[in-house]
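Look for chain A in each of the two complexes below; its partner is chain B in the first and chain C in the second.
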Partner chain A sequence: MANTLGYGGMTNHLGDMQNSKVILIMGANPAVNHPVGMQHILKGKENGAKIISIDPRYTKTSAHADLFARIRTGTDIAFLYGMIRYIVKNNLHDKQYLDERVFDWESIVVEAEQYTPDVVANVCGCTAEKFLEVVKLFAENSPGCLIWNQGWTQHTIGTSNTRLGPIMQMFLGNIGKVGGGCNILRGHDNVQGASDMANLSDILPGYYPINEGSWKYYSGQWQVDYEWLKGRFKTKDMMEKKGFALSTWPWGVIDDENAANNAGTPLKALICIGNGISTITMTHKTKEALDKLDLVVFIDPYVNDAAVITDRTDNMFLLPAASQVESSGSVAATNRSYQWRSQVVKPLYEAKEDHEILFEFAKRLGFYEEFTRSLKNGKPSYEWPEDATREFNRAVKTIGLQGVTPERMKRQQENWALFDPLTLRGSGVVEGEYYGLPWPCWSDKHPGTPIMYRTDVSVMEGGMGFRAGWTDKGPDGKPVVVAEKNGQTLLAVNEPAGSRFKGGHLEITADNIESFGITLTAEEKEKVKGKNWKNDNTYILVNKALEAGLCPYGNGKARARAWDWADQLPKHREPLHSFRQDLVAKYPTFEDKKDHYRTNIRYASEQNKQNWVADFPINVVTGRIVEHMGTGTETRASKYLAELAGEMYAHIHPTLAKKYGVDNGDMIWVHGTGEGKIKVKAVYSYSVAETDIFMPQNFSGLWSGKSLVDKYPKGTAPYALGENSNQVTSYGYDIVTACPETKCTLVRIEKA
Partner chain B sequence: MSPRNSTELLNSKIGRRSFLKMGALTSIGAVAVCSASEPVVKATPSQLKEAYPGSKKVKTICTHCSVGCGIIAEVKDGVWVRQEVAQEHPVSLGGHCCKGADLIDKVRSTNRLRYPTVKKDGVWERIGWDEALDSVSAQIQALQKKYGPDSIMMLGSAKVSNEQSYYIRKFAAFMGTNNIDHQARI
Partner chain C sequence: MSRMKFYCDDYRCIDCNGCVVACKEAHEIPVGVNRRRVITINEGIEGKQKSLSVACMHCSDAPCQKVCPTDCFYIRTDGIVLHDKDKCIGCGYCLYACPFGAPQFGHEGIFGVKGVMDKCTFCAGGPDETLSENEFEHYGQNRIAEGKIPMCASMCSTKALIAGDASEVDKIYEYRTAKRGDNTSLKPYGWEAYNNGK
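Right after this comes the complex of A and B.
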């Protein structure tokens, strides 16, 4: 989505769904995964909004919907193109919006042409009539909001889903609109924040790319010498090369060929902080990796289930971390709102807060002084967490965290009753601020941006166009910011309300700022010489732009074509393990990809290895259940939640069950395409298609029919154990992000 | 005790929904089980009015999903004794799922990892913090020396604060590797 609009964040917020007239939910199940968020959707329904659920499974969300369409997993692109085709054919598209704000939308129309209702029906497995019912209901009501979740990202083509969703929304003019938008519902409580802070192998905090310029910028922010920091890495090349991903690291341990991608070494140690690694596809490969490593360290409030999955006998450390209610700091909700989370009680037992543990390591590894220098920022000592908040306030300019100060967040917490749930706007002492100061929040005077890309309000009220900093390869092969591509402008034709400069413009730099009618004094010019809005520590460029009603990152068009991607326009490609082998030739996957997050990944060679569906004839859908979160390590350790949902199961359609002679409640073996197998209870359900089974992904502690409970340190086993569904999910990773393809998996089953 | 409610409660209209019922039962259950372990004494009128006199209420945020529901934690003498819904929180408006209603157990569940532990010769052993930190640090340095900084994989977390998250990324940089990732990629 960031590569289409500019930012990857959820565009609107939960309360805003009450302003929608139609809500399309694809690849998400908020009734189960975001129950309190779902209440805003239901309020929207009470206000007259139509709810549409498109899913391979009739979920609890589907039960609340006005219209449900069942589609085969991994076919969302065909469905979306079919929608776009219908919208354009029936002149329901917002042509002015597209002309003013979207680059190369015409190519999408051409690409969409092949997706007739009959093609959609064939690829997606729903009827053409049902498809038409959905598109009519969605396109004929405005504003419409689109919701997705991991149902869209966990595919080889997940990033194409998350591009085509916003593109479809732009055909209806639904982005930058109250009650519209693309509302990606994040999973864990701080997925947004941990991404903003770059717990990611390809960026630095604020999505700065890991190139020389960013490393120099961060050396400055961290108040260390760039050469010293570079010296910490093996080479400059490795410093600028993206690392292993959460999904790919096991291959860095067990496949020797990947050492060539990793500075000549396999991975030898894992330090895992608050991460349930058994939710990655093919858990038996994670086990193999854990077994082989020299050193494994888990840092958690509860014993990480992976510590009992592995058979290693030595050199595995469990360090007790404080829970987050025994710590304090800010946390980013799904809608980019930063909330202050106060410490309730001091850490119990011998638990330490996560940062304390890092500081202790830094002392022993010899870089504590350098590590905490910018935290002190010239003072003799630091105050945690406020000085760390201030540090990222200073550093993270790209997504506008300057205004998200500890003082403002705490004042908002004290006065959270003063914010309107439908608009997030504050009154009284927080007059004019939006709740959580959703980023971008450009300065301590800026109110935050509850709804992104609005041009009907001014920049100082949260308005902005799309990104204008798209890059293309320059003559030397390095990226340069461009204002046009293929003879078409990348700059918007309209502008946010109150902008002093009319039309689109590039991102603000010291060199171009005066061309927008802004004047700088000689002293100011000297201070910002050679800088741009992303690296100007004086904030002069940002503040001057705001004064003139200009967005610091410019005012550009969204990109319907991503010219630097393998698929410039999103394309339907069959999953690696396709249920429809007959469609593989027409919609083949990508060529194998070398060195993808330091791993050589199979695409075509895996897809063509065998006729998968012949041996593995059942499609698997996995997902969460309301009682548990992630691996369930924390929730299954709660007596009450364990009592509410204490057992692993597989939902199976009675018709499918009959084929295998499976009665309701029988145990079945489920075998994955990648050698893993699990033994689970079959539970009859009409929620799944006759071709599918559904399994929760929140269990662990049973392994291929055996209990691992005795492998827990005494007194630490959770109350509920179950087979881990990811032992049978398939090989496969997104072509851009390496997100595992857990949502398209084939299995075979047999009665146990 | 509860602050005045200025916004319409989401719960008031959909309290019939089963997941919220379960949530409510869970929190009632939590209190009931707790009291059952105490000797039975007759409550005084003031105790009936206020079970934990002198307690303070701490506003915080649920740690389960990304909705970011408000939580009001009641703390007495450093112990989290009871949790209340946050009726005036602008997103959750008093709503909770069963996980949020049971957040208190994230702290007080008895099966937490209580002290540093190491597996040695197939057996879990309790060790001190210093011993654990010293041993891990020495091994990291040895691996870095022998195989280079990219021999280490770090996994950060979507479950820690932004401040801690920023420091995890910085830590990886100071370790000299980009082998760092978190749950965004699942």
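Right after this comes the complex of A and C.
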């Protein structure tokens, strides 16, 4: 998304779905994963919206859809191209929108040409008629909203899915529109906040790239010396190199060849804070890595399931962390809204809030003073969590967190009733603010941006164009911001309402600001010399731009072609372990990729190693169940939830079950393409295709038929234990983000 | 005066069990006793899968009360059907009389010492002193006395489950069906409708 539109955030918000005329849900199951969010979808339906569910399974969401189409996992791109082809052929595309706002959309039309309804039907496994029904219903109703979540991202081609989704939406002019948009639903509260704050290994907070410029910017923000900061790293190269990903780190421990990508050493220690690492694919590899490390630390309110999986007997520590009700501060919702959370009770027993644990680490590691300097920001002491919020208000300019101040958030918390759920607009004391100040919120006068990329409202009302800061390789090999590519402009042809400058423009810098009809005094000029909108601590550039109705990051075109990517245009590629071996030659995967998040990743060599489907003839879909959250660590410790969903199972179609002589309720062994195997109960269900089984991802505590209950520290075992489905999910990682391939997996089963 | 009623909107219920857990947490109900349950029929069958949350319907002409040999049931003026656990002898007649399977006979604790019936109270407590510890121990919270609606409805994810004064519940129902514009209010609310897939 970020590489197509500019930002990776959900474009609209949940309440806005009530304004939609058609809602396409693909790779998502909100009735299970976002039950409260589902309320808005159902209200939208009552308002006349048609609901379309496209899924390998007939889910609880599908049960509320007007139209359901079952497709094979991992074939969304073929489906989307088929839609685009139909839309263009029938002149249903918004040509003016595309011309004004989308770079190189014409190439997409060419690429889409091959995806005729028959090709879509063959690749996706639905009928051509069903496909046509979907595309007609979606394209002929406006505005249309598109919803996805992990069903799209957890694939080798996940990033191509999340590019083609918005591109398809732009063909219909649905982005930057009330009731339209690309609504990626985040997995739980503050996922958006975690990525905004860079709980990722390839960025700094606010998505600043990890290069020298950003590190220098942040050493200024953190008020520490850049050289000192650099000295904390082994080399400058390592400082600017992407780290391991959540999915790839085990390979940094167990595969010696990756040491070369990691400054010459394998990984030796792991600190895991608030992360269910047992839900990553190939859990048996996670176990192997945990067994091999020198030191393992888990920081969690509950016992992390991974701590139970490992056989290690020493050098593993469990630090009890406070839960959400025992801590306070800002939390970002799926739609980029920030809300203030108050502490309900003080941490119980010896639990500590996360930041306190980190501060204790910093003290013992000898950099507590530097670590907290910018929290104090010149004062003798700091106030938690307000000063942490103020720190990101000052530092994170890229996504416009300047306006998301603790004072505004607290006032909103006291005045929930004054916001309209459909528009998020506040009234009374919160007039002039949208609920949660959804970013970008450019200043403490800015209302926030509930719907991104709208040009029918002014920037001060939440309007904006697409990103204008696309970069290309300069002569010295370093990225430079460019205004055109292949002879085509990257700047928009229209502008947000009320903009004093007509047409597109590059991001605001001290050098170009006056060319947009804005004047600076000599003193202002001096203050902002050499700066741009995202590193100017005086905010003069941003505020002057806002006054003139200009968006600080510029006004550019979305890009249909990502020229710096392996697949410049999204391409359908068969999964590494494809259910359709006959399609592998036509839609092969990528070449193997070296040093991808410090790991050498197999693509083609894994896909071609054998005819996988011959030995592993069953396709697997995994996902959450409504009673359990993530790994289920917390929810399986609830006696009521354990009562409702206390046992791991595999949904199997009766027709498939018959082939294996499996009765409803029989135990079966499920073998993955790796070495993992699990023993689960077969439960008959018509919700899965006759080729597939479905397994929940939320269980742990049983391991290949053996109970691990004795390994939990006394009194901490959850009520419900079960086999971990990720022991049998296959190898595979997204080509850009290294997101694990949980959704295209093959297995073989046998009656236990 | 109007009567208190539950209504579960089958067009909205998504089988999330939020209502069930809300009820159990609120009243600290032992595992195994279900004052409220969510029923899903035709699971996985396209166009026919439906879910509905059910508890005691607080019948106007309550069959449970009719058959109880110790006359432990009483109907409040607002229509909430309650019973007196001190009078209950656990014969189970009410379970057989109830068309919804609402009465529960658990095995443990005061909620269901074998022989004592427990069921949904519409969050209105019981015959013990209002808002007393005793009342909570025997019957759970008394939210009605506090001017609140039952916990299940207040926590329902999609507002499928609505509870309160029947005339207000009816207004919400009418509003939603009018908006859907497909005459749902004229269609039978029962298994037959489900089996036809609409």
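Simple rule for what comes next: the second predicted complex is superposed on the first by the 752 of 752 C-alpha atoms of A that agree within 3 Å, B and C clash if a C-alpha of one lies under 4 Å from a C-alpha of the other, contacts with A are read in each partner's own complex, and residues count from 1 in each chain.
Convention: a contact is a pair of C-beta atoms (placed from the backbone, for glycine too) under 8 Å apart; a residue touches a chain by one contact, two chains touch by 3 or more.
The shown structure was predicted, so the numbers you read here are calculated from the model rather than taken from an experiment.
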In the superposed arrangement, which partner chain does A:639 touch: chain B (first), chain C (second), both, or neither?
both
Go through the superposed model and pick first if A:627 touches only chain B, second if only chain C, both, or neither.
both
Look at A:686 in the shared chain and tell me whether it touches chain B only, chain C only, both, or neither; answer first, second, both or neither.
second
Once the shared chain is lined up, is A:15 touching chain B (first), chain C (second), both, or neither of them?
first
Quick one: is A:433 in contact with chain B, with chain C, with both, or with neither? Answer first, second, both or neither.
neither
Using the touch definition from the top, say if A:507 reaches chain B (first), chain C (second), both or neither.
neither
So in the superposed three-chain picture, is A:100 touching just chain B, just chain C, both, or none of them (first/second/both/neither)?
neither
Let me test your reading of the model: by the given contact rule, A:741 touches which partner, first (chain B), second (chain C), both or neither?
neither
Is A:46 touching anything from chain B or chain C once the two structures are fitted on A? First, second, both or neither.
both
When both partners are placed on the shared chain, which of chain B and chain C touches more of chain A:
B
Shared chain A surface residues [contacts with chain B and with chain C]:
31-32, 35-36, 39, 42, 46, 626-627, 638-641, 644
Can you check the complex and tell me which residues of chain C touch chain A?
11-12, 14-18, 20-21, 24-25, 31-32, 43-46, 49-51, 157-159, 176, 179-181
Of all residues in chain B, which touch chain A in the complex?
3, 6-7, 10-11, 13-14, 19-20, 22, 26, 29-30, 33, 58-71, 73, 75, 78-80, 86, 88-93, 95-100, 102-103, 105-122, 124, 129, 132-141, 143, 147-171, 173-186
Please output the residues of chain A touching chain C within their complex, sorted ascending.
31-32, 35-36, 38-39, 42, 45-48, 58, 60-64, 68, 626-627, 638-641, 643-644, 685-688
